[in-house]
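Presented sequentially are two complexes of subunit A, the first with subunit B as partner and the second with subunit C.
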Partner chain A sequence: MKEYKLVFTGTTGAGKTTAINAISEVPAVKTDVVNTDESLNKKFTTVGLDFGQLNLANGDRVRLFGTPGQSRFDFMWKILTKDAFGLIILIDNSRPDPLEDLAVYLEGFAQELSTTPCVIGVGRTEEHPAPSVDDFSVALAEKGFSLPVIPVDVRQAQDVILLIELLMAQAEADW
Partner chain B sequence: MNIDVGALASARSECSKLLDEQMGVIGVVISSEDGFDIASAVTGNLDPSKIAAMASSISAIGIVVSQEASLGASKSITVNTEDGFVYIINIELARKPCALNVIANSSAILAQIIYNCTEIKKRLSVS
Partner chain C sequence: MARYLGCLGLIKPEVDLIHTILRMSSRLDQRWVVVESGECDALLVYNTDKSFAPYVLKPTTQLIIIRRRGEKHEGHVFLKPFRADELIDTLIDIDSSDQPAFEFNKDASSQSSTIFYRLKRWPPSDILNRHKNYMLLSVYLSRGAKTLQDLITLSGQGEAMCSNFLEVLRDRNLLQIDGGKSQITNAIPISAGKDEKKGFFSSLRAKLGLSKK
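Here is the complex of A and B:
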């Protein structure tokens, strides 16, 4: 049996905790506390990590980790991505500048992205169609990245599974 | 985080007093549950906002570990290092959950710091 470690990161409210909850086969471990940051429209926020687990049909196991979103917790980004098989960056398209949000995570994970497969999932695209998936691809290309970008609703397990499948495909392509 | 002015003044005073009066203490930070620096007294290059965020993560992980192990509510965390220690105790400030973080070098006495932090916790809980 192989074990894979996948890390979900991305902006606050992008759905990292929700994504892990959507597919974890064990009760997810959450470190959510009451949010006191009035600039964020959410009651709770992750300050440590999220953890879940998914068993694949072939018997392999995927351990799912979620990072805190805010950059003041960037020390946790480094800790959690150590030895990760892949990275999923979730972007909330309803935020003021989603492309700038993406840039923050590309910079924050620059070292990991040089060796770790990554896919980008963009949420709330139905209500907030701009920037488009193509806009994200262009922004990535301008920074020298060629990464898959898809619209997702992380409340839907099949969307989260699709992100993981893309990550696996990306890993095979990198080999 | 909105904290009553009087409670905030008490918190700042307690941080400064602990830093000034306890041998080996190099930083004292009171942080919100979600990792913001509320009151602090530090020396050197210690960054209170960074300490606050780290304490928030450590405390949150301590809480889930104690839940997983059915050990009841997490009260405090000690990180022992070669050259000192970090002591984090959960406190209430103006009825809001917070953490009191003490960073100390090897000349500090852990038991003494634990005692002082417990006393600060009592005082701030009624401030």
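Here is the complex of A and C:
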């Protein structure tokens, strides 16, 4: 039996916990506490990590990890991403500067991005259409990336699955 | 050379929609026309159990079955609610499988082994149109230079669709194009344990309900 690791990262409120819950086969393990940040419209927030799991037919497992959103926990990002087969960056487009949020994660995971497949899902684009998904791809290109960036609703399992499919395609393209 | 599409069992507004899609699509370039009877190259149909009259099916006629999204299906399908781009992709696929030497992709075919394409940036949403196949093609092109043949092999899509997509990207100046000598195509070091990962992806795809051509 082998274990594989998939990491979800992104700002607080971007939907990491929701994305894991959308596809996990086991009740997601959460390390949430009451949110004390009044700028965030949520009752609880993750300070440790989220964990979910997919059990494959051959006995292998995919461990789904969600990093804590707050950048003060960025030391955990690298720990969680070590040996992951993919990294999913979730962006909350309702935040004040989503492009800057993306820049923080590109910088935080710069080393991993040279070897680990990565996709970017932008949430809440219907209520907050700016910046557009195209603005994100232009911003990525300016930093030398042509990573997939797509609008997502992580409450929908199909959207989360599409992100994973794009990750797998990246790995296959490298073979 | 015109290609003929039959529509059997569709109501008039649906047939009108098909007419409009074929007429408006720049990718199909008005190659396909709707016919009301006789021989056709493809036939849109709800039910394959009944007679296909007044259409005459040739050995090469492709059936495109109409299904609701979420219903199980095999072969060519057109899913309701209808999306124009999906029908266009299917017809281009049929073009590709029936007539690989079509004029529109002939140049690309002959050069497929020597021209390398690489995506300069992730394509804008008006090109991708939330279409998974386009996203996957874009992913392959974003990970190092690829030939048309590489793209066909990786995606499992037809040559027509791949070359058509490359054309769209090239027209929008989204491709870096290199020709001539063999390229080092991988931007990322080839990972060890490729076979193991292949098996893993296959299992994961099955788990997630995905299929790969």
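The rule is simple: the second predicted complex is superposed on the first by the 165 of 175 C-alpha atoms of A that agree within 3 Å, B and C clash if a C-alpha of one lies under 4 Å from a C-alpha of the other, contacts with A are read in each partner's own complex, and residues count from 1 in each chain.
Basically, a contact is a pair of C-beta atoms (placed from the backbone, for glycine too) under 8 Å apart; a residue touches a chain by one contact, two chains touch by 3 or more.
All values derive from a computational prediction rather than experimental measurement.
Novice: Judging by the criteria at the top, classify the pair subunit B and subunit C on subunit A as clash or fit.
Specialist: fit
Novice: Put simply, what angle do subunit B and subunit C open at subunit A, by C-alpha centres, to the nearest 10°?
Specialist: 170
Novice: Does subunit A have more residues touched by subunit B or by subunit C?
Specialist: Per-residue touch count on subunit A favours C.
Novice: Using the touch definition from the top, say if A:Ala57 reaches subunit B (first), subunit C (second), both or neither.
Specialist: second
Novice: Tell me the contact category for A:Val133 with respect to subunit B and subunit C: first, second, both or neither.
Specialist: second
Novice: So, A:Leu162: does it touch subunit B (first), subunit C (second), both, or neither?
Specialist: A:Leu162 sits against subunit C, while subunit B stays out of touch.
Novice: In the superposed arrangement, does A:Lys2 touch subunit B (first), subunit C (second), both or neither?
Specialist: In the superposition, A:Lys2 contacts subunit C only.
Novice: One more residue to check, A:Leu147. First (subunit B), second (subunit C), both or neither?
Specialist: In the superposed model, A:Leu147 contacts subunit C only, not subunit B.
Novice: First (subunit B), second (subunit C), both or neither: which does A:Leu106 touch?
Specialist: Touch partners of A:Leu106: none, neither subunit B nor subunit C.
Novice: So if I take every C-alpha atom in subunit B and every one in subunit C after superposing, what is the smallest distance between them in Å?
Specialist: Across the overlay, subunit B reaches subunit C at a minimum of 26 Å between C-alpha atoms.
Novice: Under the definition above, what is the set of subunit A residues touching subunit B in their complex?
Specialist: Residues of subunit A touching subunit B: 29-31, 33-37, 45, 47-49, 68, 70, 72-73, 75-76.
Novice: Could you list, by residue number, the parts of subunit B that touch subunit A in their complex?
Specialist: By the definition above, subunit B touches subunit A via 1, 32-36, 49-50, 53-54, 56-58, 60-61, 63-64, 68, 97.
Novice: What does subunit C use to touch subunit A in their complex?
Specialist: Those in contact with subunit A are residues 119-125, 128, 130, 132, 135-136, 138-140, 142-144, 146, 154, 186-191, 194, 196-197, 199-201, 203-210.
Novice: Residues of subunit A touching subunit C in their complex?
Specialist: These residues of subunit A touch subunit C: 2, 4, 23, 54-58, 60, 62, 85, 114-115, 132-134, 137-138, 140-141, 146-151, 161-162, 164-166, 168-175.
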